[in-house]
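Labels run A, B, C and D following the written order; every chain starts at residue 1.
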């Protein structure tokens, strides 16, 4: 029974192996489509498994992994992002021979994420994060022949390793302060004693914030993000921008909103400051970007700042807001990247903002999706991005973190400068090249998943009620170990 | 009930006429325009006489009736009804408006016969009559203000009737704007009244005024001063008088009806209507009288040098209203109304006669190009002479009785009254001088050089009959109210003017004043005859004496220049300055600065992000230090 | 019958239906828009017919859950204030659609769809019974205007559109913070976490709380209005937008700011309003004088009318800041009046500009000679715009200033400067285009045609009706206005004799109104 | 509580916890310094290894202090992870080399801004 609870990560990890093997098949058709199909099917099975496990609270793997509402919700987020990433990569021009590795790496990373979401101890958190990081280093550099891809992989590796070291060092100190790696036990020991004046704990908290902040690409630990996002293959960027960010936040929640909740005062302001700095730096730096991927990278930095507001609140409302906003954020970011991916296939410089001039009028559907994504990211109601921000501000206000809410609001104003620039270029700009290289089939998986993201942006808002109930249950599960 | 219904009909007729004429699809037949234009006003006059006799048949204390059509609005306890008040005062005004009005509109049918926009003229005339009737019939201050503004609008439209002429357009705008200033004063007065009394109804305000406002209280003074701002603007009293001479750009019948007989006297009407309030505000009343006295002198002095026949009459109007204001300010309300009535007769006569001349000379208005018209236009000459004698206060013409009554009663009304009476007597001399200057230059002396081409033609009956009727009225009208005889006007108005001050001049004073004013007028006429009666030679000989004064007079005491340089140009400059500096620098500046700040930050971050791994690692470490510091500090 | 929901949804459906209309099929697009706007208008008129005139509280309450656990709900209702704004919106949008149907813009489907979306946003805004919903619609209406300016505007449209949005959003995002904070603080006081406007009216915030919470809202409101010096978005947006958009911005969108003050500022944060009373009065007065002066000196017709609108909105803001039932009633009247008049003014400017091809005042002249009907209607509009006594605008301005005068006579006196200047600049507009020697092409071409008449005549008819019988509006709104102003009156210490409404009204029970939903309000 | 016991000798070994921590801290800082000043990617990887191993020492030290095995298990996991990272890192370095690019991280600055 307990092992059954660990089924999702196990299934996904197995799927990764199967996909890898499928990529080695002699038949070209299998080599081309097999890995993707296997990976998607395998992950969907894991998703179904997770859904079936909804409502259960099971501890498995000797306390290292657990199934609760939170982990199930995140499993679905991760799998959703991974599946859409894979769908967006279909027909990618790069070699068929790498299909197996590509699908396997994405799936492996997903397995690592799932482990973090269900982590019951510090080891599992670190392990999961490293599994996905290592997979992502490779994914970034997957287009080895492209200098930029390589650069982004190596940069990510080096800076990422430093970040991981910070995280690890922080985890080590957390273990050292409490004498346990088990999250539940850490929580219990922190509740019992007064740790207000414990320098080791301060070091632990600081280093964990840095390490996770790095993974979440929060400022000032964000500087790798634009470079890596720009250099990596765009579907990988989309995956990183959504799933990886979600991992960082589930780790944040698992650690801070879980065992460290009783010493909230030691980390609340610090996380708040990181959030504020991220919002300001991300939004301001994005203003002058002309590369859409880079712009979205900075936007993701700012969005990390918004999500951190919810973490800083350190309440169920905060966690709930983070969860909802992550869902919304994933939908809007994937939608934006999906359109960029499509544009990249149509023209050479598809990631340049300039190539989107007049795009909305030429392709109202894709332009519409992009517009929806941008408006939602900017927080226009009634899109899901707005509801997320509204909840985050509410969580901050509940904790009287007024300054955070105000900075968030001002940051949103700044963000209009670049989000609306995209919209403006698409709809108000002079029409670009009249004859794109090739038209994607409407029924292609790429188009369908793009549409799905667009629908999600609206749907998450329309069905905010039930969705929030789910998020709330997930958030509640943080507090009851 | 009957009389209010009739009042509503009288009010509605010209409105219906105006609407009918302006909304008539296509170009209506000229006869139709004529019939509607004259018919509505004339019918109004007939109905008004019925009202008049109905009121006359009642006992004086029952000579009033109000009727509301509907509750216009009720906001926070302030009820405003669309209501009329029929009382002796309003009926008297109605009689003037519809009576003189129908004569003038009739006259216009011929005067405007050549005009392209026939129906527009009658539509606007009808609209004016409606507005003026609304003004006098309103039973509360609100609809008084509405009528007040509507006559301003009608005046604007008719001054700017020849809208292709830039000078007419400018004059119209000037008249409108100055009248809006007056409206503003009136509206503020209404606010103060509403605040003080909680009502704008005449009946309620006047009934409770003595108890709610102490005599001479600040509120009473303020109300009356603010009301008088409106009166001054409408009745062209200093310093808001500058629009009236320019208003002569309108067709002559318009000048006769609006800018002589009716609209410009609305200010007098209002002061008389609010006699209860003015009675409680001695300082404001004094101010009214002083303004009247100053205006009558200033306007008369300017009239002396005018070369345009209509502008002479315009300034004389300003001056004559000054007399009425003197009377009203001194509390001599019925005297003011009597003079108003007489003025309506003789000034309408003068304007219409001037119109006959202008018509005969195909639009010529300058006195310089007239002369010796007596032989060519006998009828007009006699009519004009009657008008001049009347306005100069020569007995037994109408002006003598009304002006004389004002002056003699003023003599008895305290020191200010004496001062005003003296001013009035000086004014009377000036009036006689400039009127006969006009008369002699137009009709006397030899014909102008080169004669008249085409030959001046006598007008038709439609113009002649109104002139004739008015000439008769200007001649005998004064006998309505003669000293020690029947005081018909005063008696009639008595119910509407409860606070009639019991100033009664002694017989000696009365005789002396009359003698003084008549004799100075006669001397002035003599001088005018000597100077102007014989042709241009003598006039030109003396043209350069007192050049400085003459210049000031020609510049109309520099009021326009002062306004232009003190109020209008600074306003323009301020607006331009706002557009030049405040708009881009202040309102745009904040935004631009914020945007610039953000962009500078963005460029700074752009530079920092130099692509070096070590920078990134360093930022990580620095960030760790900051977070650590915050953790330690915030603990 | 869920009146309001239907009224809000019809334009949305019309906008969505534009997606199905085949490209290039202008006729169908027009038909869809006309049907959408027309049906909305008819529904709103029917709703008005069922309106309970004397009831001060919410009516036609529709309530449906959305994300109830976080206070997000679909609560829409109207009271005596908002019903008129709903009528104004449906009426003016119908006019705008009529105008557009005869002058089909480039890419008509998209434009008409955006117009319909804008209508939905405004209708939602004016009927929101929930602060978050209010915010949702507040922002929602921004988006279509952004696109309309950006896609159909003039040469500087890109900058104008983004400036318009960013400027507005500065205020509105802080408003979002305030909205959240309001609920949080109210939660601390009452123990109920709600965004329901009716429920929040009874919350007794401390003075600093009230001030700070209102501050967030206030910025959004004064930017939307706009009041000087927050009108930085106005010149560019007015200069670059299509004339229909300018008209709607001036006529309806600006009312959102005023409505916010009335619906949220006065009843929810009376102490804050007491604190900000004089700052708002001051800004309103500056707007009046400044707007008038700048309008006077504008070179183009549309900018003249645009800045005149700044001045007129200053009057409306003054009426609310006066904290007096009479002034507030005047402001409500004037909201409708200004909307009707300014749309007519812009319509005429648009007609003249399209027929002569010129917008500069000095380039046009003497049109009255050959276009008497245009001239006549323009005169009526001019007079209404400068609020000549007897016009509908005067009814509003009179009570605004009369109410202001009662406590702050100086403010009313200063505002009179604006009244006088209104005549100066409006006559400049009228005379220079209509009078004088003919300039700017063949005036005969400018004369009104049927397409113009269908736009202008309904507006003129409304103006005349209100001029003749404003009690229809005032009577149906006074109860709500009194209720809205009463708390602030208490806060500024007005004597009890002046306070017309003591008890804050609850929604009209569903059995009395014909609304289907349950009430969203809290009990006393 | 813990801070007070940092300097007390552990019964079993006699090596106080603070010594472990001092060593680990020194290694961590050394690694950081290496990351900051080195340009060769191989040496950078080495520096990162140093940082990871600093954590390992801390983990082991704490594990000893609390007398639990968690920390040691953690350290073992870290070793595996570090190995994996190095493998990937070396692979990428080889790829860089194959692209005939300079083995200098400062040269990896095409992506910036």
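The working rule: contacts are C-beta pairs under 8 Å (C-beta built on N, C-alpha and C of every residue); 3 or more make two chains touch, one makes a residue touch a chain.
These figures come from a predicted structure and were not determined experimentally.
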item	value
Selected pair, greater C-beta contact count between B-D and B-C	B-C
Interchain centroid distance [CA atoms averaged], chain C/chain D, Å	65
Length of the line joining the C-alpha centres of chain B and chain C, rounded to whole Å	38
Centre-to-centre distance between chain D and chain B (centres being mean Cα positions), rounded to whole Å	97
Where chain A and chain B are represented by their mean Cα positions, the distance between them in whole Å	78
Shared-contact residues (touching 2 or more other chains) in chain A	155, 158, 162, 226-227, 417
Where chain D touches two or more other chains at once, by residue number	32, 35, 44, 105, 108, 110-113
Junction residues of chain C - those touching two or more other chains	166
Inter-chain touch pairs (all)	A-B, A-C, A-D, B-C, B-D
Residues on chain B engaged by chain D in the complex (per definition of touch)	606, 609-614, 617-618, 621
Contacting residues of chain A [partner chain B, same complex]	155, 158-159, 162-163, 166, 196-197, 202-203, 205-207, 209-210, 213-214, 219-221, 223-224, 226-227, 265-270, 273-274, 281, 284-288, 414, 417
Parts of chain A lying in touch with chain D, wherever the complex brings them together	121-123, 126-127, 130, 134, 137-138, 141, 144-145, 147-148, 150-155, 157-158, 161-162, 164-165, 168-169, 171-173, 175-177, 179-182, 193, 198-200, 226-228, 230-231, 289, 294
Residues of chain C defined as touching chain A within the complex	65-70, 72, 107, 132, 135-137, 139-140, 142-143, 146-147, 150-151, 157-158, 161-162, 165-166, 169-170, 173-174, 176-177, 180-181, 183-184
Parts of chain D lying in touch with chain A, wherever the complex brings them together	1-3, 21, 24, 28, 31-32, 35, 41, 44-45, 48, 51-52, 54-55, 58-59, 61-63, 65-66, 68, 70-71, 73-74, 77-78, 81, 84-85, 88-89, 91-93, 95-96, 98-99, 101, 105, 108, 110-113
